[in-house]
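Read through the structures below before going on.
You will see two complexes here that share chain A, one where it goes with chain B and one where it goes with chain C.
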Partner chain A sequence: MKPGEQLKFRDPVRAKALTTRLEELVKEIGRDPISVMHVCGSHEQAIARFGLRTAFPLKLDVVMGPGCPVCITDVPEVDEAVALALQGVRVCTYGDMVRVPGTVKSLADVRGDGANIEVVYGIDQAVELARKSTEEIVFFATGFETTAVATAAALLNDPPKNFSVLSAHKYIPPVMEIVTEMPGSRIEGFLAAGHAAIITGSGVFEAFVNTHKVPVVVAGFEPLDILAALVKLVELVRDQKPEVVNMFPRCVTHEGNKVAQEQLWKVFTPTGGRWRGIAHVPNGNLRLREEWAAFDTRKRFNIDVSRLWDYAPPKLLGQCICGEIMSGSKSPKHCALFGKECLPENPVGACMVSSEGTCRIWHQYGGHLDLRGIS
Partner chain B sequence: MCLGVPGKVMSVDGLVAVVDFWGVQKQVSLHIVDEPVVPGDYILNHVGYAIRKIPQEEIAETLAMYDELLDGKPEDLMRQDVESEVGASRERPS
Partner chain C sequence: MKPIPGLVKHNQRIAMRHGGGGRAMRTLIEEVFMRGADDIPVDGVGLSAMDDGAAIRIGDQYLIVTTDSHVIHPLFFPGGDIGMLSIAGTVNDLSMMGATQLLGLTCGVILEEGLERDILERVQASMQATCREVGVPILTGDTKVMGKGEIDSLVINTTGVALTKRIVRDNGLQVGDRIIVTGTVGDHGLAVMALRNKLELEGDLRSDVAPLFDLVQKVLAAGGDSVVAMKDPTRGGVASALHEMAGKAGVGILISEQAVPVSEAARAAGELLGIDPLHVANEGKALIGVRPEAADRVLAALKAHPLGRNAAIIGTAIAEPKGKLVLDTGFGKRLLAEPEGEPLPRIC
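On to the complex of A and B.
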């Protein structure tokens, strides 16, 4: 897409027509609220940046679920990276991970204590560092299938022996089941993240839709993509049609990127594990297969997290409600710390750290304009 | 970290492409993209890896799909919007 062509996806006439349609559909359903969830930080960014929530019908609740890869990286996973760094191992990771709190410390905290933390744009930079050096380089690998495929490709591309991967990669489809099954869940439909679906294909959601009878619409990231996908999703809710619809066909196919999938599953195997604040997610974690033990940080090193217990946990952490925010049951406005003790420059919880975290996005774009209650 | 960025392919050398992102040129790996990529193509980049070649023709298709969605909504609404746009521009002092 040429940069200029994106403007077509922001055309106000189409946007107005779509929001009017959305309003009509919500009126036809006649319930309050109708709750749908998206599972992608990029969707929340687009919704906040373009002020789309002000255009949504009042009775339509568009909730952000566990879609921020930084935020859902679990505390013990951060602890492993922090402990390794304290053991003197050079740890490379994505920029957003550095300030994510572990049980007692973040990577940024121990950097101050002399640990060697390297921020990289992508895994290839970490591999490059390892090639140029004889010291051990660990890549703390986080993110969903879109970044996991990059990790897989790098490992398949003959990395040096002093390079290893501490995988905290997560796989989105299983968490949608968990969030839907949570007691008190009101989620009636999902907007699936377009970029992750580029890898997995829209077909990956069919099993979920068949078992849970909840519609899934794959959505792109331009304002019109999101509005159009919401129109489709609410239409499916109205017609009680649990189906998968791909509203991002310019990027997503039914079967996905097979070349990427092949590499992904050659390197990773899905295992159960916790997502920060959410729950244990069966098959939600991607771990290196046995064949890759030589490049698996957990097999190469004896990671001693017990040394972290000498530190006291940060005082305010007990009041943080990131978990409930990520599962969609609460929003930042329910948090006593939001915008007060918890700020982007001094985050208490993971959701305020990452540019894809709900709290950070709400803070940056002036919070969430909720017109409910104004008649 | 997981933002996808579209860019234009300037040159290709084996499985490494130089891609232009609004004037900034970066190396992008072609290891996981599932179609052949040549200079002039647009790709979607994630952390230094092209995950998708963006087909030009599908942009038009997407817009057509939005229009289709709007079938069944009152025709005059769009017309009203267009008319008020035209009207507003007419009223603007020259």
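On to the complex of A and C.
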């Protein structure tokens, strides 16, 4: 590739044709605004990274929903990991999780106090640590279907006895129902995350579409993937056709990856639980099945979170609107703290911590200035 | 920055990001080192300018002084080593100030107890070779040893002095000026990161470390007074350097992402690591602000030089938004933010 030349799915000329088509569709529908939601940090990354919002029609609102696995990990779940670390257990987790605030402390805070926290790129590194050691190793497991499958595979691969999993894994399809049913929800369609759909298959969304009569389009992550999926989604909105359409067929099938699904459900069972700042989501949490009790941190240890509550939580937390941002009813531009008191080096809410959080992404790509007029 | 109740603790200790070349580092310098500093030489450039070096007026010339400490890990990397880096880094800072005659360098080394003598000799040979290439001598030096574990193997500080009749600052941009980059961006930082992360990439990802004195002489000869601003995009990369240039000049900069030269290997490593080459350190590149009428002339002079073959005009200074960088991606526009600090590993 020559300098400046772009990948196949990054062709500005084709992109222009798609944004023109979007503009025509929105005009045809002739009312405003049309609101669609995506539920994936990687989609927001791509939209922000390529400046796509300045190319979307003004009357098309593309909002990010609860698609950041770090952000929706609930406060009590972070507290469990923090309490364990304070009890002297070695806790391994993904880099982004370390700075997520719990009720009063993050894992980074207690690391400063001497707790043993390891940042790992994946669960295999944590298993490897456990194999080389005799001490208890806990993997604080977060993320959606994609990382949950990796956790399941590791547990099925005969991990050592001193290894256990503190699962905060979440499952996306149920939260789409919650967001759609929220009072005042204006969401008319969803972009579904292509990488999760590789595992679940596009068919997983059919029940949701049948019940809620809201279209779902499975989308990839290159600029042309996203624009083409949006064109399809807005067409479905225009035609009032609640359907599932797979616009990422080079990776996603209707059935998905059967082996991965089998492994996932062999290890995990869906239960209800809170998503940070959003709501209780029936079947939204993935917990280890009874058969895996020996590797379930919650069954292995007495986790005493009450000892964390001797401190007062930071005052600014009361002004944080991460919950409303994640449910798509507000955006960072409505937040009084965004870019001022709340910065990546000093995050108040979880959305500013993770590289998949709406606030962090908006901040990384320059905030919310309107750049349409600049030439 | 005002202390924030309940969040103060994060600011009380030095973190890696305070050395990252971005906003955190600048804030630290402003809050600690510039407190009460009374340094501005008459008709010169001092600490408060936070430029690439200082300038002191002597008769009809300026004496340019700059200093730089080098702490890279690993000491040897594809394309270079700490010895070459310690000479090129300081020579480049002098060059960015408009130096036309290099006078000499100093060299202070701090060694870790137990360091193999062979390593030190290889580093010294590399320093000497780079000095010869540029035609600048090391005039004086200092050697210290610290206990094992008290320092990581080897730290080199070099200070450089040079002369010029016309200083080129980093704050000279006006609306309409063109921004030229002298070659591909991100190679140094990504080569080192790929090495640390043991990414075994196909292709040739090498540091671009190189002394730019000769290249800058060609630029100054071709552009003369139309060369109005220069800066080398080291830590924090092009994004950080252009933010400083825009902020100090009170302009914005519109950058065409498609025009920015990035080597295939750097692009691949950046995609894999989730890191934008515009946010990554370079050690052999310069950003040059020129008046629009001289842009093609300067570009031609750059392209005729072996270190400037991939030079390109990548942007234009604009009136608004002041102090900010607007990136035209080819798909839309967004702001190009300043890097905050060390990038975290990706979660999925």
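Heads up, the rule we're going with is that the second predicted complex is superposed on the first by the 362 of 375 C-alpha atoms of A that agree within 3 Å, B and C clash if a C-alpha of one lies under 4 Å from a C-alpha of the other, contacts with A are read in each partner's own complex, and residues count from 1 in each chain.
The rule is simple: contacts are C-beta pairs under 8 Å (C-beta built on N, C-alpha and C of every residue); 3 or more make two chains touch, one makes a residue touch a chain.
Computed from a predicted structure; not experimentally measured.
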Quiz item: Of the partners chain B and chain C, which touch A:53 in the superposed model: first, second, both, neither?
Solution: second
Practice problem: Using the touch definition from the top, say if A:119 reaches chain B (first), chain C (second), both or neither. | Solution: second
Quiz item: Is A:198 in contact with chain B, with chain C, with both, or with neither (first, second, both, neither)?
Solution: first
Quiz item: Which holds for A:260: it touches chain B only (first), chain C only (second), both, or neither?
Solution: first
Exercise. Once the structures are superposed on A, label A:364 by its partner contacts, choosing first (chain B), second (chain C), both or neither.
Key: second
Practice problem: Scan A:17 for contacts with chain B and chain C and give back first, second, both or neither. | Solution: first
Practice problem: Name the contact category of A:279: first (chain B only), second (chain C only), both, or neither. | Solution: neither
Quiz item: Given the touch rule stated above, what does A:344 touch, chain B (first), chain C (second), both, or neither?
Solution: second
Self-check item: Partner chain(s) touched by A:143 [first = chain B, second = chain C, both, neither]
Solution: both
Exercise. Kindly list the residues of chain A that each of chain B and chain C touches, one partner per complex.
Key: 1-3, 12, 42, 69-70, 94-97, 121, 142-144, 146-147, 195, 354, 356
Practice problem: Enumerate the contact residues on chain A facing chain C in the complex. | Solution: 1-4, 6, 10, 12, 15, 42, 48-55, 69-70, 94-97, 109, 112, 119, 121, 142-144, 146-147, 195, 223, 312-316, 341, 343-346, 348, 354-356, 363-367, 369, 371-372, 374-375
Quiz prompt | chain A partner contacts - residues on chain C that touch it in the complex | solution = 4-7, 9-11, 17, 24, 184, 254, 258-264, 267, 274, 310, 312, 318, 320-321, 324-337, 340-341, 344-348
Practice problem: Spell out the residues on chain B that touch chain A in their complex, using ranges where they run on. | Solution: 1-4, 6, 8, 22, 29, 31-34, 42, 44, 46-49, 51-52, 54-55, 58-59, 61-63, 65-67, 69-70, 73, 77-78, 81-82, 85
Quiz item: What part of chain A is in contact with chain B in the complex they form?
Solution: 1-3, 5, 8-9, 12-14, 16-18, 20-21, 24, 41-42, 69-70, 94-97, 121-125, 142-144, 146-147, 149-150, 152-153, 156-157, 194-195, 198-199, 220-221, 224-225, 228, 231-232, 247-251, 257-260, 263, 354, 356
